[in-house]
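Presented below are the structures under discussion, each in the form of structure tokens.
You will see subunit A twice below: alongside subunit B first, and alongside subunit C after that.
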Partner chain A sequence: MKTERVWTERLLFLLVIAITLIFLFPFIWMLLASFKTQAQILSNQSIFVFQPTGENYATVFRDYNYTRFIFNSLLVAFLSTLFGLVLGLPASYAIAKYKQNGLAFSILIARVIPGISFMIPWYIIFSKIGLVDTYLSLILAHMLVGLPFIIWVMISFYENLPHELEESARVDGCTIQGAFFRILLPLSVPGIVTASILAFIFSWNNFMFALVLSGEKTKTLPIAVYSFLSYSNINWGALMAAAVVITLPILVITLILQRYVVSGITVGAVKG
Partner chain B sequence: MNMKRNAAMLAGTITLFGTILSGCGGGGTVGQPAGQSAGQAAGQSAAAEKNSKPYAGTTLRLVTANHAWTDLIKPKIPEFEQQTGIKVNLESYFEDQLTQKLTVEFTSGSSSVDVFMMRPLQEGKMFIQNGWVGEMTKKDDPDWDFKDFTNASTGSLIQGGKLYGVPIVTEREILYYRKDILEKNNIPVPKTLDELKQAAAKLNDPNNGFYGFVARGQRAAAVTQFSSFLYGMGGDFMKDGKATIDTPEAVSAFKTYGELLKSYGPPGVLNMSWPQAIGIFGQGKAAFYTDADSLYPNLLDPQKSSVGDKTGFALFPAGSKGQTPYNVTSWSLAIQAKSKNQAAAWEFVKWATSKQAMTALQGKGIPGPRQSVWNTDEGKKSFPPELVNVISKSNELGKAYDRPILINVGEARDVIGSVIVTAISGEDVEKAAKQANQQFQAIIDKEKK
Partner chain C sequence: MARWVERNIKYIFILPSVLFVAVMIVFPIGYTAYISLFEWSMSSTQAPKWVSFGNYAKLLQDARFWSALGRTFYFTLISIIVELMLGVIIAVLFNRKLKGINLFKTLFLLPMVATPVSIGLVWLLIFEPTIGVANRFIGMFGLKPQMWIASPSQVIPSLALVDIWEWTPMITLIALAGLTSIPQDNYEAAQIDGASSWQMFWKITLPLLLPTVFSAALLRIIDAVKTYDIIYAMTQGGPGYASETLNILGFSLGFQYFQLGYASSLLMLFFFLVLGISSLIIILRKRIEVLQ
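Now for the complex of A and B:
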């Protein structure tokens, strides 16, 4: 009986490892390929045994000046998330408190409409007011998706906070604003972290808006990564190195804040 | 009283000025001619400056594709800026995104793009019909010598007798082969598609991971490389507005291409565009490979390929109706119709496509459109001698398009590509071709309206 359970556990453990490996394989391949030469990447000899080279990373940072693109991406992602929070947190609180479901749905529409349909109107507006190839236009564009997302995650979060908390604060002489900033905001940190990470990742990976609205000065990473694909030549090694550079910061941030993400996502799963 | 004082002061001032003026005149008589001539000289040199640099201070926005051409022209741009005083801001994008970005900017009516890179056969027709591409009016400039461009290279850029862009990169389909393998097996270089098939059959050895033939098998990507087969069999994509991909000639071309890849090609060929196909050939796993000549540096670079010194280049083999590889302009430079700097933009295009610039670029491996450059040693030096011969001959034989010339090229390529896929899978080609022909005709008809 006992040995049977041990065996089931071992089997389960093996299964977990197998599944993890399958999911991790593309990532591992990418990581390994970023240290290989073009010929080594295309060769069908062993994937794991090879003479590593740092040349690809040198290409990425020296020849293509990736530090600049990383800066651009960080700036746009950070600020669009920040402004999204500044506008989104009070908005979602108000929506949750006063049950403004119609408003919530109209905000959601921004996410339902395919992003590409905004492209031409935006380009016309932004080019008329001279905002093409500025950080501002990218930040605004990325907020279009980030903001509704933050609002929707936070609505359900605020709905689940007991409203007695706010009432007690009010009884003790707090204004509504005071209660929001002093009581509810600190309590909603896990939700804020979840929403921010996801909004940040969205902005970090966004390609379409950046393609049209950015220029040489404000190019972000997803656009820059295409520098290694050209008409009759694909630099796989540098492409993989650039992909690692793009993935790494997100991976690190997510691993550090993972605890919050999980607790944020499951918030409201069980009402009680 | 006040007025009186003012008048007195005015009189005094005038007297003062008078003295100064007369004094000046007296002293200046000797120096005058010298001063005048110096002033004139300065004026003249300023005028000369203005003549040689009429567009100084203009800023051009140049939007290009990620291409070897862009990489090579970039370091030369400061020369142009110095010569003309025009500032050039260069941006580059991967080709699909370039089309996307330009389409959005042009649709919105923005005038910020001055000069851009355009694929005449892919987006050219759409761009030109939408009135986005400016006409090149000064093509008869003798210094620039328009006649030097091969007819095949400009064919796709002239519409209604007007020039809408200048070719910068040209491309032909050729046959890549393994010199060592052919020699070892005592097989001559195939001159016809039949000979190619026989040789591929003989060399095909799938048990040892070696294949007779490789080429693109991916639906839309394969269409351009299939075109030379189609022409060789006497077929074409369309004729006088009628789709012709179900004619017996076309069907035999589909069958030939399909059979080569089905019987002698590597597994998974349906997922192969050029990067995968050239990978197979570059790893020494195939005897023959047909694709664009512009890809050759991928095979010669030891970093990317293990067959650099073993690769041979041959003219695309003849079909039953002769030898007709495509010979196209893959990239051209165009000026946006709405650009506010038309003259300066033309100045740039003229400079970038001058004999000098093209010789320098071709010397670094960009197959250009100028016949005179192909006749110089500088123009040939970076190409293997065998390849130069093949290119020169293809320049005479070739057809100026490798896909149907339409606005919805992408859609048409998918339709035609589906027949290629059917052929490679070994299914009923006639039936597929009939069906595809109807769909293709529908695309053509839609554009006529």
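Now for the complex of A and C:
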């Protein structure tokens, strides 16, 4: 009976490893291919044993100027997250405090409706006022992805925060806004970290908005990697190297801050 | 001054966000609705021509629109069904107290945070019929090489496979959170009554997990209907129109053919479709909660 149990456990463990490996495989494949020459990728040799080359990464940074795109992506993701927090933190606090569920709902609508349904007006208006291919238009567009999410995460964070601290500050003569900035904001750091990482990742990953609104000057990484396809012969190795350059930072951030990522993704979905 | 701010704090704190959403979403959607009543190709020589609901009438007779609608549902249906089943099964497996399980749970997060476009391009190489690893993999089981996304009949299931890879982890994650919130005494009581683990899964785990899975499904359905990045990166709607979903069609009409009025009418229908699906699921969810 006991040995049978041990064997089931071992079998289950093997199953867990197998499933994880299958799900990680595209990443492993991407990483391996990024160190292969075009000939090695096109040949039918072993997937795992080969003479690695760094040439693809040199191509990506030297010939395709990826430092520039990394800068663009970082700037847009950072600023859209920051401005999203500036708008979203007070709003989510007030929504939680005064239980304005209707309002919360209408802001969360932004999370639901398809982005493409307001792309045409954006494009028309932004080209009229000369904002196409500027950082401002991209930051505004990406805020729209980040803000509803920030508000969503922070409402449930403020709802779960004990009221005592805020109340004692109020007794000491602090105004509501004073209590918010001096007491609550410092306490909100875990919630802010959760909201910011995911808002940052959403912006970093966003493709559709930049496809329409960015140009030569402001091209972000997803657009840059996509433009590899426009060459008649796809340079697979360089394409995989570019994919690694985009994906790796996100994967590393997620692994380091996994606790926050998990709570950001599960918030609202589990009824507490 | 501080007192005045305090008295109106509710509005002062919320107004910026509401204004932002109004300017960036509500106004543009109204504008899209307005444009959808015109025939307009964004040219400087030709003024927009008022056609009333002409664009909508044309759309409803457009076979390309109906096929795109069907494909959107087809893609969503395959993805969601597989993701829900696989996600819950993996969650139950991961929920056992195995050594080092947390490491695996963490690694399992990676597909859903990775940049969809770059991942789509990695899958493009995986699906490549001659050099891709997908054909090598199925070859190990004695299956013939397939065309994957290069074949009109396989392209949607192949794209759904990428979606399944990307989003099953989310279902797993949410289901895991739901599993930990199931009180342990349910299982203890059942064990005393001599229930098998199979029975416990069907009678305790699954019913108590259902509301959580339902929320996860809601989020997934809404996002799956709107899937854009991987489809555009991998096939641009091809081969032919075989993987053209509503999102892709709307984008081509608007930003490749510049038929802004016609595209807008499609985008309005798409908008109401997504809104309709969301409200329907929210209502259904309330019903289920009442039943329990």
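By our rule, the second predicted complex is superposed on the first by the 241 of 272 C-alpha atoms of A that agree within 3 Å, B and C clash if a C-alpha of one lies under 4 Å from a C-alpha of the other, contacts with A are read in each partner's own complex, and residues count from 1 in each chain.
Rule of thumb we're sticking to: a residue touches a chain if its C-beta (ideal position, glycine included) is under 8 Å from a C-beta of that chain, and two chains touch if they have at least 3 such contacts.
Everything numeric here is computed off the predicted structure, so don't read it as measured data.
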Room on subunit A for both subunit B and subunit C (clash or fit): clash
Which superposed partner A:A238 touches (first subunit B, second subunit C, both, neither): neither
Which of subunit B and subunit C A:L144 touches, first, second, both or neither: second
Touched partner set for A:L184, first subunit B, second subunit C, both or neither: neither
Which superposed partner A:M119 touches (first subunit B, second subunit C, both, neither): both
Partner chain in contact with A:V212 - subunit B first, subunit C second, else both or neither: both
Which superposed partner A:S227 touches (first subunit B, second subunit C, both, neither): first
Subunit B versus subunit C as contact partner of A:V132, first or second or both or neither: first
Partner contacting more residues of subunit A (subunit B vs subunit C): C
Touched partner set for A:A39, first subunit B, second subunit C, both or neither: first
First, second, both or neither for A:S106, with subunit B first and subunit C second: second
Overlap of the subunit B and subunit C footprints on subunit A, listed as residue numbers: 42, 44, 119-120, 123-124, 211-212, 226, 229
Contact set on subunit A toward subunit B in their complex: 37-39, 42-44, 119-120, 123-124, 127, 132, 211-212, 215-216, 223, 226-227, 229-234
In the complex with subunit C, residue positions of subunit A that touch it: 9, 12-13, 15-17, 19-20, 23-24, 26-27, 29-30, 33, 41-42, 44, 47, 87-88, 90-91, 93-95, 98, 100, 103, 106-107, 109-110, 112-125, 140-141, 143-144, 147-148, 151, 175-178, 180, 201, 204-205, 207-208, 211-212, 221-222, 225-226, 228-229, 236, 239-240, 242-243, 246-247, 250-251, 254-255, 258, 261-262, 265-266, 268-272
Contacting residues of subunit B [partner subunit A, same complex]: 65-68, 89-95, 97, 100-101, 104-105, 107-110, 112, 274-275, 279, 282-283, 292, 294-295, 297-298, 301-306, 330-331
Subunit C residues within the subunit A interface of the complex: 2-3, 5-6, 9-10, 12-14, 16-18, 20-21, 24-25, 27-29, 31-32, 35, 42, 90, 93-94, 96, 98-99, 101, 104, 106-119, 121-123, 125-126, 131, 133, 136, 165, 168-170, 173-174, 177-178, 181, 211-212, 215-216, 219, 222, 225-226, 228-229, 232-233, 247, 250-251, 254-255, 260, 263-264, 267-268, 270-271, 274-275, 278
